[in-house]
Amino acid sequence: MTTPTQRSLNVGLVGCGFMGRTHSNAFSAVNRFFDLPVRPVLKAVCARDSAEVQRFADQWGYESVETDWRALVARDDIDLIDIASPNDTHHEIAIAAAQAGKMVSSEKPLGRTAEESGRMVAAVEAAGVRNMVWYNYRRVPAVTLAKQLIDEGKLGRVFHYRAKFLQDWTISVDVPQGGAATWRLDAKVAGSGVTGDLLAHCIDTALWLNGGIETVSAMTETFIKERRHALTGQVEPVLIDDASAFLARFANGSLGTFEATRYARGHKALYTLEINGELASIEWDLHDLHRLAWFDHGDEGRLRGWRSIHITDADHPYMKHWWVPGLQIGYEHTFVHQAADFLASLDDGEPFHPTFREAQATDYVTDAVLRSARTERWERVATS
Amino acid sequence: MTTPTQRSLNVGLVGCGFMGRTHSNAFSAVNRFFDLPVRPVLKAVCARDSAEVQRFADQWGYESVETDWRALVARDDIDLIDIASPNDTHHEIAIAAAQAGKMVSSEKPLGRTAEESGRMVAAVEAAGVRNMVWYNYRRVPAVTLAKQLIDEGKLGRVFHYRAKFLQDWTISVDVPQGGAATWRLDAKVAGSGVTGDLLAHCIDTALWLNGGIETVSAMTETFIKERRHALTGQVEPVLIDDASAFLARFANGSLGTFEATRYARGHKALYTLEINGELASIEWDLHDLHRLAWFDHGDEGRLRGWRSIHITDADHPYMKHWWVPGLQIGYEHTFVHQAADFLASLDDGEPFHPTFREAQATDYVTDAVLRSARTERWERVATS
Amino acid sequence: MTTPTQRSLNVGLVGCGFMGRTHSNAFSAVNRFFDLPVRPVLKAVCARDSAEVQRFADQWGYESVETDWRALVARDDIDLIDIASPNDTHHEIAIAAAQAGKMVSSEKPLGRTAEESGRMVAAVEAAGVRNMVWYNYRRVPAVTLAKQLIDEGKLGRVFHYRAKFLQDWTISVDVPQGGAATWRLDAKVAGSGVTGDLLAHCIDTALWLNGGIETVSAMTETFIKERRHALTGQVEPVLIDDASAFLARFANGSLGTFEATRYARGHKALYTLEINGELASIEWDLHDLHRLAWFDHGDEGRLRGWRSIHITDADHPYMKHWWVPGLQIGYEHTFVHQAADFLASLDDGEPFHPTFREAQATDYVTDAVLRSARTERWERVATS
Amino acid sequence: MTTPTQRSLNVGLVGCGFMGRTHSNAFSAVNRFFDLPVRPVLKAVCARDSAEVQRFADQWGYESVETDWRALVARDDIDLIDIASPNDTHHEIAIAAAQAGKMVSSEKPLGRTAEESGRMVAAVEAAGVRNMVWYNYRRVPAVTLAKQLIDEGKLGRVFHYRAKFLQDWTISVDVPQGGAATWRLDAKVAGSGVTGDLLAHCIDTALWLNGGIETVSAMTETFIKERRHALTGQVEPVLIDDASAFLARFANGSLGTFEATRYARGHKALYTLEINGELASIEWDLHDLHRLAWFDHGDEGRLRGWRSIHITDADHPYMKHWWVPGLQIGYEHTFVHQAADFLASLDDGEPFHPTFREAQATDYVTDAVLRSARTERWERVATS
């Protein structure tokens, strides 16, 4: 229920997997922690399996269910179409939603290719509807603080940017490809493997923190060449990239190294980033997301050292909304922060980032990465 | 709204400070992550300031407000009285609630003294009502896993138990005592300083993991002797303990060292525990609560080392209810877990821990600690 | 061989166990890394077993051997008697050496009791000979830096001092007591168990960094009550303390907690210390001795964090004598530093610390600790 | 002096800079810690500046000095020519020494190019003299343990190899190039920048642990384009690479990423390596060289975690020769280990690694890296 000073925003969610849960949680929790002019209402959730979608609606408190996203998009009582379904569905839903005049938010990557993203950008811009992509890691408080420090010039000239995203969940040959649980291994559905799934996160953050990437040289590998397909039951060639690494040159003259894999034993979701500037350096990793490592060359010489900043104080981004100093938050809070910023932007007129157009920049880089892996040459990142 | 197979539990919360928020969040979130036969309904919240309590009710979705806890206790539509108000109010409210036949849950410490707790235990047991104390750190997944490992005998004979709870928020002489924000510095309201506030957590976990404490030798200190009282505006003697440390002998023959302070610069809420057993050792700390350090002497000699277990996998306690491996949870989740276990226990008949009686054991230890600090002698911990 | 500007100092070492090796290494290496006016000459080493002592002399380059320390003390060509034999031999050798007009250096603890130490102090002071005790941890560069920071007032008022020394090598019941390898478990030889062996280190550093300890409350425990004696072959009662912990009040008003044990599974030589001051805090541990943890409250609020200072730069104590920044030193270097400072003091007239008298202060504390463990009361630390 | 069972090996060192010190220390210390059939004698040291070389000889105990390496090579009383002078001198000295029938040891990189190394390999093989290259990091006990684990098959199929070597000492524009202190910035003397200086270490270890590298794609950068030359006093173009990164494909099918820089603020000598295998993973870094991180997928699921192995136990490589468990060694010990293994190999006939031929393999890789950086294409690593 809204308070007297709030208005409601009716949300229609597509997809009730992992990301459907994170979005639903964000919309459920956001008003308990942030004073906002808008209160999201969980109006409807849509998924193909009617029993499953009903269970999800019961659990999360959605008022209604749909089993065809076209029906959802057609409803008058929906303000925002929130897309949390597999990658191959993003563009069609987003374009239809925009054409129906809805706000649209989409999971990442925006499209399977920059060309696909481009059609989505065109649709939302033509319709003039609000749009955003859930690159949630921008709103880890430690990462947001990193952005502030960079924008304040505290790093000086940047020399190096490094990012990795390491997982180990597909090492076994018994993991199938395709289907509801493992669509991320199905090239047709996912578009690519770790490049679009994991590197996309690394790239989005990098573009945000360190500016544009101009050229890349990449290699990809598929370690397990054939897997059973969960839908067909047949052993089929694996067409996604299991691992992907690339060298990059940023527009600001700094060098980048990027790597993602699902074959790094011992790491579940180890997204790490490091930035070396003339004056200071930063490191962060997702396995301890509530900390930021900071090295300040301006410190007294004999006392210089990497600081492990416990990002739980009221003067850290977003943290005054949570508990008291010393008490850490976790993964799902990044989605709450994104929801809070998006809802606030509906009122204050400030632009919300990243928009579809901004998120397309990541797809241009992943396109170049995949292209370079094929051509075995440096490739220039397209910008339009 | 409840699902067809759920029944509701009407909650009446007393107190809308920090702990009121953690409890409200737990009751709001629990059914989204745990399949439970019972769904808490935020029926009413009670606090003395009517504007403040209304704001809180709006934010958290409570259906109604009260400004007198007696009125709350008297209501027919309340099943559970949940006490999140300052320590000096626990006993009166709990006893009245029990006498009114309500279930009762209370923040810790249960009473300001074991004698006060004893009257609360008597009341709930006489009334035969369900009762629990919010010692939330038992339900940090890493700590729960430690309990499992100990219960399975993986540590063998225990030699040492160490716990510390370090904060730094009262170092400045400008921090007042008393009032809504700083009642923890007011001996009359809080009962004691860090002994009841912080050591109580350490002791509850210790008793749970390592069994009874028989004798203690303690010292306490008040570093800043006078502070302005927030209510009277007068500079008054500080009567609480700023720091408290004690040696302990456990019934199982192991040695304990415990310390808490609000004068440890650099630590906001650093609750640490270490257990050294014949076969294995454990370490944990609240600033990285999603990790457990584990040393297993059974490992191959040259490969023995402290493992940093990232407690985010589906086979870790509670974690299958949250996200996917690698993604950490935070502080508030411990309250959600406690709510989930409590609600489940309403149906399955399993006892819920800690009850008032179990929580009183901690108060017997804190009593002995404070007594030893005065007598400057070893003191035996009472058991009744 | 000495250089033209150097004079030699003839060293006579007593004992060729673990400490005999660390001292011999220090005297061998010191002139390669420090420009000093004095060059130690390994003149003679003494131990009871003639074959063993000859092997040791060959390995370390001692010019001659003795099997009776009295013969060593009687030699005219020895300037410094360096005592690295078991605790029960320190006083007799030191007193005789002083009476013979030799400089004397001794392993710690100085005596088995402060009374025994007192006779050693009296002897060296009566003879007017240079004397020092090998409390090597003062000269870990990180610890020396801590001392500098404290002396500069960077911590402000100190509230807390914590130290632990954790080992696990006696957990097995099969470890014997007594004899060459395990004399540290023989109370007659060692004086006490972990109190004199491990806590003595913690106390020496504490007194140096934080000033005098006034009162203590202690507990000790012997977990394994009987062990085979390596010399007699008989199972005999174990008379040393396996574990020892104490609370302390320092003269500066700060609180101390100290603990040592040989029953902390997973720790080989984990000496840790923590100091919490009003303005800053320090942590250090021996398992990563080349790092100092530093928290400075003066840092900008949102960027405050514990710094891990890699103590390898030229402006860190002693480090310009070693390699280049980033390259760590190890344990034995602390003895080299002590030898360097001692040799330099022979020329520059600066006092060397700790002298016998200064080291006796530690024995007064360990005496009080052992006494308190017996009386189960707070005990005042004697000062003479 | 040798013991009755030892024979001597007369060492003639060329160069008395940083590496001259590490080698001299190794030859001085090795017999104190290792029982060996051979004792090195510091017969002569050679450097162009006669005052400096005499000072060095005095400090380290060399019996004589030379100022022309040709004179040193011509001496009959020298068994081993040990080359610790700048890179551009290695080949000429080594070839002459081999032709004179001396054993030859050389600092790394062996030559400035693989072609230059090839001539050195040919010379030592034609002469049939013992030869070795000081790739000291193979003999960090943690790295040696990693090698053992890999050889035992404990990692299974390897998917990923990562290495970095990060420094920050040339960020200032005021650092000159050329001359005694900064010849590493002079392309003519050093051959290349970080590629030959730092990546060479990473590559040598990688080839040893993970086998051959087949192809690479690289980028290099010179961030500061002009520097004053220390010898000419003129501002001249900087011709070395300040930073170098490359992607690699190993013969075993694993992917490699490598990076080195002198522009990573906050890192002095952070050499890190990570290996991800099917069954286990390894991480190590030079800033805490006495630790090995180990993740074993074979551990019980809920207890899997990265172990931080403190490499100080007697069953760790080399460690029984040093102190007692828990006490760490440092950087210089790696050279002592190499000296020990080399001296032992003189007697037992076991081959010593790496020989010149083995070390040339690294130069083939650095050649390919530099070539790829120029061509902006993947380059195949030559093997002859």
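A, B, C and D label the chains in the order they appear, each numbered from 1.
Criterion: a residue touches a chain if its C-beta (ideal position, glycine included) is under 8 Å from a C-beta of that chain, and two chains touch if they have at least 3 such contacts.
The model shown is predicted, which means the values in this text are computed figures rather than measured ones.
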Quick one: point me to the chain whose Cα centre is farthest from that of chain D. B
Could you grab the centroid distance between chain C and chain D? Build each centroid from C-alpha atoms only and quote it in angstrom. 36
What whole-Å value do you get for the distance between chain A and chain C if each is reduced to the mean of its CA atoms? 55
Rounded Å distance between chain B and chain C, as computed from the means of their C-alpha atoms: 42
Hey, what residues on chain D touch two or more of the other chains? 267, 304, 306, 310, 313
Could you draw the chains as nodes, link the ones that touch, and say if you get a line, ring, star, complete or other? complete
Can you tell me which positions in chain B touch chain D when the two form their complex? 145, 149, 292, 294, 296, 299, 301-310, 313, 315-316
Residues of chain C that touch chain B when the two form their complex: 159-160, 162, 166, 168, 171, 217-219, 221, 223, 243, 245-247, 249, 253, 255, 257, 259, 261, 263-267, 276-281, 295, 297, 304, 306, 376-378
Contact residues on chain D for chain C in the complex? 1, 3, 18, 21-22, 24-25, 28-29, 31-32, 58-61, 167, 169, 267-270, 286-290, 310, 312-313, 322-333
